[in-house]
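Please go over the structures that come below.
Next, two complexes with chain A in common: one pairs it with chain B, the other with chain C.
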Partner chain A sequence: MRMIDARHRAPAKSSFLGASLVIAALASSATACLGEEGTFVPPQPGHVSRLPFEAAPSGLRRLTRAQYLSSVRAIFGDDVVLPAPTALEPDNPVDGLVAQGTTVTTISPLGVERYEAAAYDIAEQAMDPARRDRFVSCVPTGVDDDLCASSTLAALGRSLYRRELTEIELGEATAVATHAGQTLGDFYDGLEFGIALLLQSPSFLFREELGTPMDPGDPSHLRYEGHELAARMAYFLWNAPPDEALLAAAEAGTLDGDEGVRAEAARMLADPRARDGVRAFVDDWLNLRELDRMVKDPMVFVHASPDVGPAAREETVRSFQNIVFDEEQDIREIMTTRVTFVNRRLAAIYEVRAPREDFGRIELPEDGPRMGLLGQVGVLAPNAHPTATSPTRRGAFIRERLLCDRVPAPPANVNTAIPEPSPDARTLRERLLAHQEVEVCAACHVFLDDVGFGLERFDSLGHARLTENGATIDERGAIDGVAFADARELAEHVRASPRFPQCLATHAYRVAVGRRETEGERGELRRIYARFANDGYLFRELMLEIVASRAFREASPPSEETDEVMP
Partner chain B sequence: MTSFAKRLGISRRTMLRGVLAGGTVAIGLPALDLFLNESGTAYAGGMGFPTRFGIFFFGNGVIPRLWNPALGESVGTDTYRWEATGLLEPLAEVKSHCTVVSGTKVLTTNTNPHGSGPAGLFAGADLVDGTFVGPSVDQRVADEIGATRFRSLQVGVQPSDFCHSMTGPAMVNPPVTNPFTLYERIFGEGFRLPGEMGMVDPRIGLRRSVLDAVSEQTQRLRSRVGAADRARLDQHFEGIRELEGQLARLEEDPPMLDACGRPETVPEMDYPDLDGRPQLELKNRVICDLLVMALACDQTRVFYDAFSQPVNNMLFLDLATGHHQLTHDEPDPQPLHERVVRFSIAQFAYLVSRMAAVPEGDGSLLDHSAVLCTTDCSFGRTHAIDDYPMVIAGGASGALRQDIHYRSPSNENASKVMLTLMRAVGARAAEYGFGEAHTMDGLGAIET
Partner chain C sequence: MTRRGPTISFVAAGLVAAGSLHAGTTGCAPAPAPICTQAPGDHDTVILFRGITFTRESMGTSAGFDLDGRVSDRGDVTTCRKADFTSPEGTAGIDNQVSQLLPIIEEQTGGLRLDDVLQTAIDNGQLLLAFELVGVDDPMNDPCVTVRLRPVVGTPLLGTDGRVLPGQTFDVDPMGEVSVVEGATLTDGVLDVGPAAIALPVQILDARFTLDVEDARVRLVHGDDGSWQGVLGGGISVAQMIEVAQGLNIPSDLMGAVMVVLHSYADLARDEAGDCQSISATLAVDGVSAFLYE
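The block that comes next holds the complex of A and B.
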């Protein structure tokens, strides 16, 4: 768990659609769990919400590690050796999402050091004799050829800053390069320093999404235009910087109108790079980054190894990409599909024949216990303990990430011990039921555990089992007042719940804009959601509708007040 | 200026600088004792040894019943002699340097299990929007005493990007948890031992000119954004300034400290898990050795060591259950959780013993330090934040009493301990904490 935790920053009523109706989670006592089921208000066909639109404030967004790397790759070439992701400032999830961290967090002193080291490493590679002609199109007249340095830096700067450099910025970079060239006695060595400057500039490390007044006389209504909108679109749809075509469209004013935005977005969503946009979204939404540091006890699980987590991360991403790009299916299919993509490690856990190539497509058996997202190691394993499962954590995952229900933190000063396994209570399920007999625990544990019980067929690593400590597994549970028999029925229920695609859309929106939705955006979000539903829940349509929405393209000026929090 | 340098008729700085342009003539400096005064208690220019401040943090709380030592003979108001027993047994060998503080309470609200304790203790207020309301105590201390190459260092043993060292809300100083990376950062390119000839690289000056330009761009961008983003850019700006400072330090003579040496072995690139268990003890030793040498070389005076994380579910020792799960699920008397806490305290004891082994003048590096060992709640199972577990190692250059157990009889404000620590290590602080947790008084009973 991170310090920065959704449960403690969530405004009480922040559900995306309609009034949030507090259902005091199946409990009637005074100690009821304050968990909240997002209440679904079906959008009425043809009805456009009359909620007044109010744009959210503009601001800076720090590049994530993946965005830094994709930017460097796009701008300097595939053959440049990139810094290790761990050698860059870490991504800081806020409210459970790395994307939301980008609008809040800054760069630590250690981060400044790391970006500096990375900048010189990249600049040196760019000025390698075998590579530099890509960037330097002039023949330097000496160690300090101002013009040649300037034209090189102007072009690179436009890619890195995602806009033209100002005269001052270009002057600074050129002066640095020229001075360094003189000191070191070599034009290209000098240019390295100019490039390193661009790579360390806040205008590269942060995306400037500041907005422009729609009406020059009225600074209270802003719009993302040209380069700003291009970058906003590219990092959402591709998790990468704008390409030349998008920058050109931005400069030609094409992105100032609805049609231009839709046309560019459609082009981008048809481009293979859109797979990376979906990867970034799925990774963030389902918190898959945890998989890289997953702890499973190899003394208990023969299939546990350090590469299982990363493989499971890849599986989940690929199964989404398959539905979105290859099958072009209703995204809700992710809950029930039998198609997935495994390597040998995962195949062993799933007890299926390994595909010939890593992450080849397979179909799970029709009569097996496993299907869809809830049958994947990427969901089952990180939401469990190193050896034991955790119906509580798995239940919380389904509630929070798939249905956008609100789960409060456990209260302080309660005894959380559960009984040791005994002849009366051999399975974790039986032991956890003890919580449900204690009033103070019952409400939340019913809210979570009754959902998580549905996945008890899968051990902590995600391998299917029939017994625990010799007792037969009972995988029955209940959700939303409906009983289910097993994991497959639970998956069917989630798939059929209107809250599921709504929650998916909410998360996609948060990833797109880097923050929680505001009250003033609710109407726009309803409209986006209605289109998503009408289009048959095609994820690319959702992305397109988000990008084309006013909420994505308009802004209000940021507060001039310091956000002083007085405890 | 020492007699040796006078004999040569040049300043030390000139000696080091003089070899730059021409090449690589190295003039070794003789015994570093020359830079100490006659009694050996001060270095370079009559200054005393610097006072350092550190935090050693482990996750998931303790078992208070086994943590708090029995009250021994009274040695002042609410202070007692103590024995290293129970969970504190691993401190036996360094006990004479350690003071136990028990019975104080984090008086801010307890809304976030594992989060409210550190927030109240280190930032003086409960979490707001999931993060600290302002800088953590180590950063406030660094503001005052951090004028070294590294203003502060954040390290850890469990791999993580998080620790409680924060320069402001949501502004985490990520710890370095890879020993090799830490070695490179401190002792890699550019580091010189006291008296070692430098070949100052002209690139260092050029890097500083680049950072100047980056600073300019940051300031210009700052003028175009709202208040919240200004605060973010200010923080970024501070980081750039810090790096400029670091580069400047590399061009200067290193501080003349006897005990400073380059670590003899370069750490491994990687410390892979063995049988699914992280090599915590080995990694802790390497990280602590590097940290202690960084302190001995005066590369930093402030550190935060996140040995293990809040809510960590690592497999410690030979256990088959994750630690966090144990704290909650294991029935009384929690023998397995007990083993993990005891192990964690042994790791702290290693750090303390290494600091005590570094001679500085009449005493040791530890004598010129105060290191707080604490965790994220008192009783891990219930997330309670009263009777907060704290051990302080080191005398803070004579400001703190050692080898006593202070037992608050009245759930006193834990902020008082923090205020005392700040003042003891030379940070000016008139007050600590907000709301209920606010105090203007330290904990006099542990001060000398």
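The block that comes next holds the complex of A and C.
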């Protein structure tokens, strides 16, 4: 890697200072989009809402780490060495969702340095003699060929900013490239600085979702048009930037009408990149990112290994992708399917024959203890302690993530410690039942533990077991007043609950718009859910309905206050 | 060091073969084997040997089998004057002469424990043996089970305890010889196999060969944790062990010593000249569930 003298960075650095200030200012306005917790209660399938629609405030969204990387890959090519995800500003989940965090986050001073380092590294690779012809279509006439630099930066800028650069933006970038080229005595070295400037710009790092007044005389009703809507669609459906076709559609005005949006969304959902969109959603909804840093006590769990977590993450994502894209099934199947995707290590944990390929499709035994999402390590392991299971955590996961039940935090000044194992209470279940006898703890623990007990057949890592401390596992429990005998019956219950697909749709909407739903969007969300149900709970149809909805395409001006639904 | 590789591999391999193959459950005459088929059952399973250790003799006690149906002492010419042991459960007549050989062998190899050699070979995937239990209709009780002993191949995943993890999938060794034993039984979760003739494929260090064993017998107990613990007992022909040793490039001066040692500890299959032609051995086996690629 070639070293860049700090002096030679001066032109870009000074521009970056300005850019950073803009970032801070824009991020501060984005913060205004955050509101209090809320939930939306959709109607029964078939019901069409007539609640008046009121668009939520517009704002900015910072690219997640995954979106930053997918953008660079899409624009600069697969052969560019990407920065490690940890070398970028971290994602900050809000309300459990990284997507929601993107609308309220800013960039730390360290993050600025990280983006700067990444920008110069990527720009240097782009201008490598073996690669630069992809981006520079002209032959420079000298070290300061303004025209050639401008055309190159205009094309790259359109991809990076997801819109045409303004005259001022292009002029600034070109001036930086020209000045650096003159200083370094090389056109391409100078161009590196122009590209690095674009990569550090808030117009790249943030998605500008500000909206345009539908009526020039009424700035209170906004609509995401053209490039803004294209980017909004692309990052939701693909978790990647718009492709050339989508940008062209935006510029041709195709996205200004319902039919055009639906047609483009359908095209995008048929594209292999839609799998990445589903991956991002599942990752966020189920908090699968925790799996990459999962720690289990190696003295207790012989199957513990650093590669279990990432494998489990892949399993859960592929299971979703299979139902959505390959089988095109009712998404509720995820709760009860026996089809899953494992490698040798996961197969050993599940005690099933491994697939031949590195990560392959298998069918779990019909009479086995596990099926569906609740039988996957990706759900069982992160919602447990390093040395023991946690019916409380697992119950909370099912309540909050799958059913959208609200789980309050433990009251202050309460001893949350559960009794130690004893001859009378050898299993965690027995100890938690003793804990439930403490009046102040009872309500929440019954609410959570009675659900989580259903997964006690699986240890903290997700390996099936029959006993704990020599005592037979009792996996009976109850949810919504209905008793269940084991994990399979629990999964059946969740699948049958109307709250499950509603909750799924709610989370998909939150990921799509980067915030909780507002009161004014309630009716539109009911309509989305009704279509989802009528379409047989096909997840792709849900994504399409969200994209085509007014709630996704319309906005109100940014404000300091929102009216998000109160819990 | 140049001698150690082939010598250890030969001795360990031979003893594995001997231990895994002879017959006799504590003096009872084997019952007539039921007629079994190799049709798949609902509970067919595969047991991978993830641990094989020699059972050692201590104060006249040793785990194993009464392979010859006799309780012998040093005056018994039928067993070439080799005294039997008593099992930890108190059963007399246990044949396990290899346990007498072990200290000698390990001293000659610089104190290297043969159990460690075997375990290393298992952990690195060199010595992977599996029992396929076929025709199992009831995982706890089935009077008619067919057992296939075969080598399997693959790189085993090791757990945090350094041992081969249960539940893994392996390929059958396309070049490996398969022994089929019909009439094995499952009784309250205890698997009894044999007596039967088995060909045992062995690969340890740089040695790879097959040993033929007569009257092999196995008893494994299925634990609640899914493991299979037990012993394999049997006898191995001294002549075949010498033949294998001759193919291992063992130096001639050491080869002579090997032949003497093997003959002097033989305790089974006495011939007309009064010499025993096989050595009894017993191995402790730690088995775990596994799968084979179809």
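Assume the second predicted complex is superposed on the first by the 512 of 567 C-alpha atoms of A that agree within 3 Å, B and C clash if a C-alpha of one lies under 4 Å from a C-alpha of the other, contacts with A are read in each partner's own complex, and residues count from 1 in each chain.
Note that contacts are C-beta pairs under 8 Å (C-beta built on N, C-alpha and C of every residue); 3 or more make two chains touch, one makes a residue touch a chain.
Predicted model, so just to flag it, every value in this text is computed and none were measured.
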| query | Putting chain B and chain C onto chain A via the overlay, clash or fit? | reply | fit
| task | Identify the partner contact of A:Ile107: answer first if only chain B is touched, second if only chain C is, both if each is, neither if none is. | result | first
| field | Partner chain(s) touched by A:Gly360 [first = chain B, second = chain C, both, neither] | value | neither
| remark: Between chain B and chain C, the one with more contact residues on chain A is chain B
| said: For A:Pro219 in the superposed arrangement: first (chain B), second (chain C), both or neither? | reply: neither
| message | Quick check for you: in the superposed arrangement, does A:Pro298 touch first (chain B), second (chain C), both or neither? | response | both
| Looking at the overlay, does A:Leu466 come into contact with chain B only (first), chain C only (second), both, or neither? | second
| task | Using the superposition on chain A described above, determine whether A:Ile349 touches chain B (first), chain C (second), both, or neither. | result | second
| task | Look across chain B and chain C in the superposition and give the shortest C-alpha distance you find, in Å. | result | 8
| said: Counting contacts the way the document defines them, which residues of chain A are shared by the two interfaces, the one with chain B and the one with chain C? | reply: 298-299, 304
| Parts of chain A lying in touch with chain B, wherever the complex brings them together | 1-9, 57-60, 86-87, 89-92, 94-95, 101, 104-113, 116, 120, 168-169, 172-173, 175-176, 179-180, 183-184, 193, 196-197, 200-203, 206, 208, 210, 293, 295-300, 304, 306, 385-388, 390, 409-410, 412-420, 557-563, 565-567
| message | Touching residues of chain C toward chain A in the complex: what are they? | response | 157, 159-161, 163, 165-169, 224, 226, 289, 291-294
| Complex contact set, residues of chain A against chain C | 298-299, 301-305, 344-345, 347-354, 356, 466-467
| What does chain B use to touch chain A in their complex? | 108, 110-116, 118-119, 124-133, 151, 154, 159, 161-162, 164, 167, 169-174, 176, 178, 181, 185, 202-203, 205-207, 209-211, 213-214, 216-218, 220-221, 224-229, 231-233, 235-236, 238-240, 242-243, 246, 272-273, 275-276, 310-311, 313-315, 320-322, 325, 328-332, 381-385, 434-435
